[in-house]
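Given below, in the form of structure tokens, are the structures.
The same chain A turns up in both complexes below, where it pairs with chain B and then with chain C.
The block that comes next holds the complex of A and B.
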């Protein structure tokens, strides 16, 4: 068996057919995940046990189980329940796409809330004392002092998580979706050349990861302007 | 002096950190316009005492009355009191992500609801007062320590407080920058600002303090006019402390 370099690069355009779905999965679940993360974070740092406990349990469950298992549980497991099949969300939950979005979002929510919490804990207590001493309320302290600083501190870990998410979207192919990996699997079935086809798809994932890393790198630089002393 | 002019009253204030008694029956009355310097060995409760005055620390027993309001668990009262009490910290605590001007205007906008242009005017005026009007558009990290601390003083003054608390404002500074900060504080004192300063700058204490308070082990050991305090201290612990810090 010979390695066909031409096939590797020739397959890239075909792979891009699945790129749209991969990006949709990535953007939607990152967005919903971020919203979930914010809610979870606020619950987690509220200091009230009836908010902290559900947040901790949620994080514990979704960090502690593989995304693949979560997708399977949601996709194959939920329809077992009568009330779900008759519930309002069934039109969504019967679709493998929305099952994946749900699993990926819940996963991102759990991870990102912990990343943000790290950022919040990293904010110098002295700054918050200074703000308190000026009579700035707790809510305003969180919005104007804690948040901007915590976001900057969280950015490196967050970009890491988005890259993980990009790769996790490949799991959608296990529940019949034709994202990039799904397309690749179809192509393998047609060409019987798994080596070339999967390397081809790997190259696209690498390119995506590179772009995400660059993008966040630029954002990080921009948000750290104030830390760089200038001459004079 | 009449009760009315007492801007800060501490009555039998006690404060614990776990089992450690940080403040032990502290009594202190500060009149309007009075300048108090607090000194003492580290761990003696100086910082804790002034941090109780704007309730960055909560006292466990006794009473604290600031600008006529007793400090209790009621949150509304606390923010009202904090508006009247400016504080300057050892580590400056400027907001690193905001430019100098925005550091000064943030509380004006959020707390006093001052319109933007007016807030800028006020901020500029106070930056001039601490002699750094040209640094308004820089970030704190671009300033020297002395400049940062002067920005912090200006930030507190913007709220037009009745009292200023200084918590070792020069301890984190390089020696050559101490004077520029002390100069600003002396100017403030001369303008009649009520001040409580935790500091070991004894020259400053001598020249501007109405009263020097010496604390040890959470107690106020001695409170005297500076000339009496430095030349004729009555308490043995004060004598020992002074001999330790004035030998060199």
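The block that comes next holds the complex of A and C.
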């Protein structure tokens, strides 16, 4: 058994095409997921039961089931119903790409809203009391005091979530999408050289995770720069 | 390994965590499954050239892959918990004449366990969800059976929703169990209040 380096270099162009799809999945679904998470967060902390209950149920369901099952329910499951096949969303739901985006965003929404809630709960109560003593309205308190601090507090957990999102995009290959893992699987089926191809793909994923970690590390440093003791 | 003073052991342990935290679980599974098949075939062929191909039982490939992944996450959790144990306690134990091994077993592990529990529970949950991936390499677990059932009944939505519900039940049970364990581990704290 040999490790064929030439094969690795030969398959790089094909993998880069897959990388494009992986990044597309990652950015689109983390963006939609963040928007969903914000809505869910506001519902969750609103304190009104008819808003809190749906948010809690949504979070519970999407955090309690595997992403693979969610993707399968949406991609294979939804076409079972007549009204979806006739409905206006069918052109989108027919495509595995949009099914994956939908599943990943819904999943990210559930996880990120919990992360953000942790951040909001971590904001010092004294600050809010001080603000209300100064006569700042509830909405303004949330926008100008809670949000900046909550964002800073939830950044580390959020970066972890983005890394797991990157890894979750690999699941898109199970519904015939040719993302990086999908491309690798076809290549392996053709060449039967699993080590060369899968390991080089794994290295790309690791590099992506590393970059995300560094990027968020820098953002974190910048956001907490006021906390550093000023020298001189 | 991460706790040992040996630099080589530390580097290996570090590389292990970095690699497995950065690679998608699905990819690890595929590498283990297909990689093991190729390696075993090569080894077998060096002994007996007539062997064409050896199939790895997918169940063991899957179990091994998941063990690798969970191991990587657990080391981080346990390391954090060990570092969280008050060094004063360890020093006190040493001063009382307990050997290094005794300190580890009687002082550090019970303390560390309490700190590690919440994270440990989270990892159990993600482990539970990772098992769904094994259906990709053809082990007959819930998702795979649902796929089979779908081809017979032509009702994919019903099948997969049932699978989701089963997972939801299992994860709820794990959550409750971890909560109960946490309560048990912290019972001396509750009493002193």
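Simple rule for what comes next: the second predicted complex is superposed on the first by the 221 of 232 C-alpha atoms of A that agree within 3 Å, B and C clash if a C-alpha of one lies under 4 Å from a C-alpha of the other, contacts with A are read in each partner's own complex, and residues count from 1 in each chain.
Criterion: contacts are C-beta pairs under 8 Å (C-beta built on N, C-alpha and C of every residue); 3 or more make two chains touch, one makes a residue touch a chain.
Because the structure is a prediction, the values reported are computed rather than measured.
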- After aligning the two structures on chain A, examine chain B and chain C and state clash or fit. fit
- Check the residue A:134 against both partner chains and state whether it touches chain B (first), chain C (second), both, or neither. first
- Task: Would you check which partner chain A:124 touches, where first means chain B only, second means chain C only, and both and neither mean what they say?
- Result: first
- Have a look at where A:209 lands relative to chain B and chain C in the superposition and call it first, second, both or neither. second
- Message: Looking at A:158, would you say it contacts chain B, chain C, both, or neither? Reply first, second, both or neither.
- Response: neither
- Task: Look at the residues of chain A and decide whether chain B or chain C touches more of them.
- Result: C
- Message: If we overlay the two complexes on their shared chain A, which of chain B and chain C does A:58 touch? Say first, second, both or neither.
- Response: neither
- Rounded to the nearest 10 degrees, the Cα-centre angle chain B-chain A-chain C in the superposed arrangement comes to 100
- Item | Touched partner set for A:145, first chain B, second chain C, both or neither | first
- Message: With both complexes overlaid on chain A, does A:77 touch chain B (first), chain C (second), both or neither?
- Response: second
- Taking the superposition as given, does A:111 touch the first partner, chain B, the second, chain C, both, or neither? neither
- Task: For the combined overlay, can you note the least CA distance between chain B and chain C, rounded to whole Å?
- Result: 18
- Message: Looking at the complex, which residues from chain A come into contact with chain B?
- Response: 124, 126-127, 129-137, 140, 144-145, 148-149, 152, 225-230
- Task: Spell out the residues on chain A that touch chain C in their complex, using ranges where they run on.
- Result: 1, 60-61, 63-70, 72-73, 76-81, 163, 166-171, 173-174, 181, 184-185, 188, 192-195, 198-199, 201-202, 205-210
- What does chain C use to touch chain A in their complex? 18-19, 21-28, 30-31, 34-35, 37-39, 42, 125, 128-133, 135-136, 143, 146-147, 150, 154-161, 163-164, 167-168, 171-172
- Item | Residues of chain B defined as touching chain A within the complex | 54, 56, 79-80, 82-83, 85-87, 89, 91, 93-99, 106-107, 110-111, 139-142, 152, 155-156, 159
